[in-house]
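Worksheet for the structure shown next.
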Amino acid sequence: MKQAESTGTLAGQKAFSYFPGCSLHSTAREYDVSARLSCEALGIELKELEGWACCGASSAHSTNELLAVSLPARDLKRAGEVGLPLVAACAMCFSRLKIASHELQNNDMRKLVQTVIGQEIQKTARVVHLLEVVDSRLDAIPVKKPLTELKVACYYGCLLVRPREKVAIDDAENPQLMDRLVRKLGAEPVAWAFKTECCGAGLPLARPDIVLKLCHRILAQARQAGADCIAVACPECHSNLDTHQEEIRARYGDDARVPVVYFTQLLGLALGLSVQQLHLDKHLTDPVPVLSSKGLA
Amino acid sequence: MQTVETITPLPQSRLSGYVQKHSGQNPLRCYQCGKCNAGCPVAYAMDLGPRQVMRAVQLGLKDHVLSSNTIWVCLQCQVCSARCPMEIDIARVMESLRLLAILEGYPVPEKDIELFHRIFLEVVRRHGRLHELELGAMYNVRSGHLTANAGLLPQLLSRGKLSVLPTTIRDARAVREIFARAEAESRKAPAAES
Amino acid sequence: MAVGFEPRVVGFLCNWCSYAGADMAGTSRMSYPPNIRIIRVPCSGRVDPLFVVKAFQMGADGVLIAGCHPGDCHYTEGNYHMRRRFALLQPFLDYVGIEKERFRLEWVSASEGKRFTQVVTSFTEQLRQLGPRKDRELMAAKGVQRAV
Amino acid sequence: MARIGVFICHCGSNIAGSVDIARVLEAARKMPQVVYVEDNKYTCSDPGQASIRNAVKAHRLNRVVVAACSPRMHEKTFRKTVEQAGLNPFLLEIANIREQDSWVHSDDKERATEKAIEIVRLAVAKVARNYELYARQISLTKRALVIGGGISGIQAALDIANAGHEVVLVEREPTIGGRMAQLDKTFPTLDCSACILTPKMVELAQHNRVVLFTYAEVQSIKGFVGNFEVEVRQKARKVNHTTCTGCGTCWQKCPEKVPSEFDLGMGQRTAIYIPFPQAVPTKPVIDTEHCRYMKYQRFVASGEEDKKPPQCRVCEKLCPTGSIDWEEQDRVFTEKFGAIIVATGYQTFDASAYGEYGAGMYPDVISGLQLERLMCASGPTGGEVKRPSDGAHPKTVVFVSCVGSRDEAKCRPYCSKVCCMYMAKHAIMLREHDPEVQCYIFYIDIRAGGKAYEEFTRRAQEEYGAIYLRGRISKIYQEGKKLVVLGEDSLIGRPVELSADLVVLATGMEPSSGVVELAQKLNISYDTNQFLVEAHPKLRPVETQSDGIFLAGACVGPRDIPDSVAQGSAAAVKAAALFSQDYITTDPMTAMVDISRCTGCLLCTQVCPFKAISTQALRDGRVVASVNEGLCKGCGLCAAVCRSKAIDLRGFTNQQLFAEVTSLWQ
């Protein structure tokens, strides 16, 4: 089995197949919108992969291994036919797609998956994360409005940095990709220790207690590090950290709020796009006041 | 989790054989340093920590492991695997154990988590993609937590973050077939006897 | 299998491990088939492929080379050299009609009298099963006296 | 023409019981070139040996075969016997008809006898092609080189010197003393490390048979046992150590401060410095990288005059003896030695490899060796334990064991052996410094095998209140002025979260940097962890496969002080034993080159494990192989690979071995 785009630098790649993932069409619409606008401004062409289906997320791989490979395999096959590298914005989709393409290297697994999806897989696409694509052209970002004085806690979560061999785009303990970007945009990335601590993943419905506890720790650490906001690259992390702040305040008795934004929104802001264009006014924990105080909104 | 009064260690058990075969990880490499437990963000909520799961696998205590809530609470955040000094992919072991528990029909101690996964996949099977409103509503009804996260609903709807109607992809039937065949094939998978 | 066939076996044993291992089998009064003729060499790595070929030419039904276990070589790496040489020589012999089962490389340490006994016994037994060398019979039929 | 005598031993009934001696005698008599046969009840007995001597003379024998027990038993005995009879000792072969015949085939006398005849035939075929071999006697230089001036090297050097031989010690740092000099106290006796070490350092420096080269490195090594030629590079100190009195004016006045290597960054030193007050020699070196005048000169040389720093030269101005020598350059000189002792020791693992522990990121996460410096009365804080971030006295101290030990993910699978003990020592010492300190020690297993070691770790817990928690730490992070430590108590089985003022990482041992390059120069082996490899892990623990090169201390593996000292002494005895001879007798069974057949492919040089084969150019310009008999150990690898059969092994020649093979089944 061939991988259509296994080598070649990302920096030279102009067009990508785009895998938004389910969340970016609903709860994380602002991620989708800001990603598309920022990429357009950077001259990156995103062509949404036609007919993509859900990657199965943690529910598939928690309960059925084969399904967890087969669902992304269908998407990988489609992307392979398009012939462009497949860029995912959601860290979960990225992780599942990347692990699936790894598993498909195994002949037995590939045969089994071909039976399940009822199609032969001739070639698949190289899977990359949007953060990697932006990082590949870091020096070429035309910053129009530097995010001066904005202190950002870059939060990477689990799925971009673990497991090391199959997925990781950066160091698992102290990654720097997003920090580099934020610095380039004129903001100050804060040093903090919870960049890759888990937010509770897909448990907000079934075990909200766990999610609240883990998010509380992360938010408290970001605040302590002096961050004005947290930047994320994953809709699940965003949803967990942003939507439950009121409950966290109630449960743990602290009153601070930490806005959580997508890195693409910060990127767009620095590229001169507006708060409204970037849907920065759609978060439950409103980032606009802090952005205004820095003259950025 | 089953309470164990006295244990009968079965070091050469089929359980550790299954784990090795299915996950590619040799549980006998673990020397119980405890770094996994120490770093696990949800160890506090588990009846067995990841270290104890590894130990139980070493000793072949199958019921003990497969009826624990650990394998369901595990977030697959991979911190344990990333930091293990013996380079054991512990998260992968957890996954293997959970799949074995499902396959062998062990009672699930974390019913809500299992229900969530089931509904999630039902929604995806139906539309080819997730529909979050449907997931939330079905979960609340079937779990009995009728008001869970309901307070967030107006805020999410007002911000246009929840679509009322699902998007169904054009060849959703193909996805449904993938589900059917994946389930059929998985049942053929060999289980660990003990 | 030929009735009453007693294979002729040549063993090249390294002085430090395997020759001492063979001595150990004697000291422990173990027993193995008397078919083997032992030639002492300082190191298994001393065994020139030509010695092996010569032994087969002289009518050996099997050749055993025994040396120190990997990592234990008295000369650090002689056994590794032999291992590589063996990997090349065995298929060559097979090619010229000497089945690969007739040529063995084994690791026997100075304390492994028991293991030496097992190796010699199993090798002799295997050669007995294989019977006389087909290549020699073939050559004899064609009137060739000495052949590999 | 060979005249071979065959002597067959009954060994009581050991051989005669299962071998028909008469038949063997009969068969031997008919073997080619055999002119005499006899049998003896016990050939190794005095009458048996006398019988051989008489037969050699009476029958003008020039080759002897003794068919008896294994050559590993009595080859030496019978070599001496034939030598007494006036023959070269190598004109003898043993036919092993006991261990490899009568004892293993006692159930089948017929076939045992047949085999005995064959074994004798092999020996006869071989001995006919034996020729006289002579052991060579090589003179030796009775002078030892010790590489590394830690406690192990110091001990080795002192012991050799006290045995009456000259010693040169080469140390790459500006002082001897090694890691032990950095320690405050030693376990389990809590002796002050400097108090027991510095007298030895001084004794060494003042010993009239010891020459000390500090700030020097071994550059190359040639030769073999008894005759090593070693190039030593003396790094430029920019201070004339002959005239310098070590008064200290320069290092007290030097304005340039840099983090001290000796204090592991816990304190500072000047650009002209001695590493610590009791350094030996107590004479400074100039750190040319940081010295202001040297920087100035570099700017001048680079032409960037406008950016140039001030000239300084304070040391030069104040030196009462005019010992500052800006012109001094590295100097390389060659010395001859008979033996080399490698005692290059260890360095501590760099904990920054653990991102989750934040070493290098959080100032209050330090290593065990850094804590030693903070506790040491002559250290940067005068022995007051102050944490690096704000100088506060830590009250809650957490220890993390196995940092860079027992960790395959960090390529350090081994146990470093000393960390359990030094953590217990630290816990005791910290309490003694300040009774309010509470120590928490996260361990995986307490490894306290050693005299009074287990008792010591018990004391740390029972008398000094150290709390031991079984489990490895997963993460450390800063929260305000505290460090939060996430661990587990695996005995209870619950996560543990502690808020600490200071975290000490018990970093493990790894071989000193540069040891691999040194091992390659010496042609000695190292293992996957880059520790040097002993000739035998149990029976030859301080020898290497290369004669005359010995090992001592932690360069072989994690060691504590008593073991390192014992090994230093052991290596010294090996060297002294070598020097007790007036010449070295080499084994004559070495490789030899027939230069008329050598094609110069030099495959032999590649396979030789001892680098014993070099090249020589002939007068006609051809380059051929040449064997150094001092280095050759007689493995015969070269002979087996030589395509033109130009290189051969004495004692196991191609001719001899072919003769053995062809003699079979005749």
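By letter and in written order, the chains are A, B, C and D; residue numbering begins at 1 in each of them.
The rule is simple: contacts are C-beta pairs under 8 Å (C-beta built on N, C-alpha and C of every residue); 3 or more make two chains touch, one makes a residue touch a chain.
Every value quoted in this text rests on a predicted model; they were computed, and no experiment measured them.
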Among all chain pairs, the one with the most C-beta contacts: A-B
Chain centre separation in whole Å, for chain C relative to chain B (CA means): 56
Computed distance of Cα centres, chain D from chain A, in Å: 53
Distance from chain C to chain A - Cα centre to Cα centre, in angstrom: 64
Residues of chain A touching at least two other chains: 172
Residues within chain B bordering two or more other chains: 79
Sequence positions of chain C contacting 2 or more other chains: none
Which chain pairs touch, all of them: A-B, A-D, B-D, C-D
Contacting residues of chain B [partner chain D, same complex]: 31-40, 43-44, 49, 51-52, 79, 83-87
Touching residues on chain D, where the partner in the complex is chain A: 354-356, 358, 361, 475, 477-480
Chain A residues touching chain B - in the complex, by the definition given at the top: 22-23, 25-29, 51-54, 56-67, 70-71, 74, 112, 115-118, 158, 161-164, 172, 196-198, 200-210, 214, 243, 282, 284
Residue ranges of chain D touching chain B (in the complex, touch as defined): 356, 402, 406-410, 444, 470-475, 486-488, 490, 493-496
For the chain D and chain C complex, residues of the former touching the latter: 70-72, 96, 98-101, 103-108, 111-112, 114-115, 118-119, 122, 525, 545, 589, 607, 609-610, 633-637, 639-641, 649, 651-652, 654, 657-658, 660-662, 664-665
